[in-house]
């Protein structure tokens, strides 16, 4: 049994590029420090673990989410200076210029570091997402009880 | 004396529908797991515990807060897809379609589960809210020292 | 050696006036309760520890950040009711009317209470900020590993 205290549990509700970036960076830091780390993606945060294919939702909101996120994690906009997508392109350029990893590369890094990716069942239902809409590396689709249990046994809990 | 570690303390600064929703869901999860759970409402989060009657504020910001939140918790807008109120209506419809509880029902659930609702004194002062503007289930109006003491003795602390 | 549990670690990613305000207030509360408290400023949060002089950035985003934040911490806008800067002025007026400290005064208070101010190296690189652009009270420019280590040894960890 693992030391149940050497864990980190991070909720990612935001779909803003900068906040998802922060969540992934903190997760790599936790994993690199030897912590068993879990990322719980909920609401807009689900965009960070979507395949990026067009989503086949029926409802209006589901359709909009699909349209606005065709490119998956690489299409996330920053919380400021969005400018209808230009902010994202600028940010990506600046990150490349400074040799900072892209969101997709960072996500791969957290996967390589065995960080657990979990998706929130209730928000998937509301947004009409199915398991197939998410990247295969997502370990499970879970409810709030799973998060609470993990968080209560973690040294670090954050809501992003 | 209760086990001072089996507690959760959650600050709710946001008044966005999706974030208040997440805060209430996590609070129900904590309470269902047997944790003594506290929600501290501050700034825009206070909208989630207002009665919803028109507020009799004198200042400009207080008046705006009153106008923009006449319906209380049922009038909160999501952090994305707000569309001047249409997003909220759509979200509410999708939540009903999926048999997800409304914010008001969820708030009643956390109250029924004995989650403590506290309001931040300083932000009430800034926003010209009085105790009477809040629902009667709010246990107390407190300062930051109360939150810090609770959070330091809690397994889970989140800022939403 | 200090009791490594009596600590608080707070990430400040947001540059919104109300959220920076909450971060500083919580930090004062933690410090007043005798906790060794650290504030990690990253992304937009860096605006709260900038000198406020025009920044000499070369890139487009760096220039915009410089233009939009000439006044440093006193120029932060609230997350709602921004109105192109009027919201900030109103908020400041309401805070003065209620004898609430300004952001700059609050920042001085956390400094006087020996709260540690740290800046995130990676976001400084992305935003083309140098150590000289930050107020001298900033203790160090650090990476995520420092934050994770501090947070794992803290009673309170928050992401704002």
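Should a chain be cited, it is by its letter among A, B and C, assigned in written order, with residues numbered from 1 in that chain.
We take it that a residue touches a chain if its C-beta (ideal position, glycine included) is under 8 Å from a C-beta of that chain, and two chains touch if they have at least 3 such contacts.
In this text, all values refer to a predicted model and were calculated from it rather than measured experimentally.
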item: Same vs different contact residues, subunit B with subunit C, by half of numbers used; value: different
item: Equivalent-chain rotation between subunit B and subunit A, CA atoms, steps of 5 degrees; value: 120
item: Gap in Å, rounded to a whole number, between the CA centres of subunit C and subunit B; value: 25
item: Residues within subunit B bordering two or more other chains; value: 157-159
item: In the complex, subunit C residues that touch subunit A; value: 11, 13, 15, 42-44, 59-62, 64, 122, 125-127, 143-145, 147-149, 151-152, 157-159
item: In the complex with subunit B, residue positions of subunit C that touch it; value: 8, 18-19, 22, 25-26, 28-30, 32-33, 35, 79-81, 90-91, 94-95, 97-98, 100, 155-160
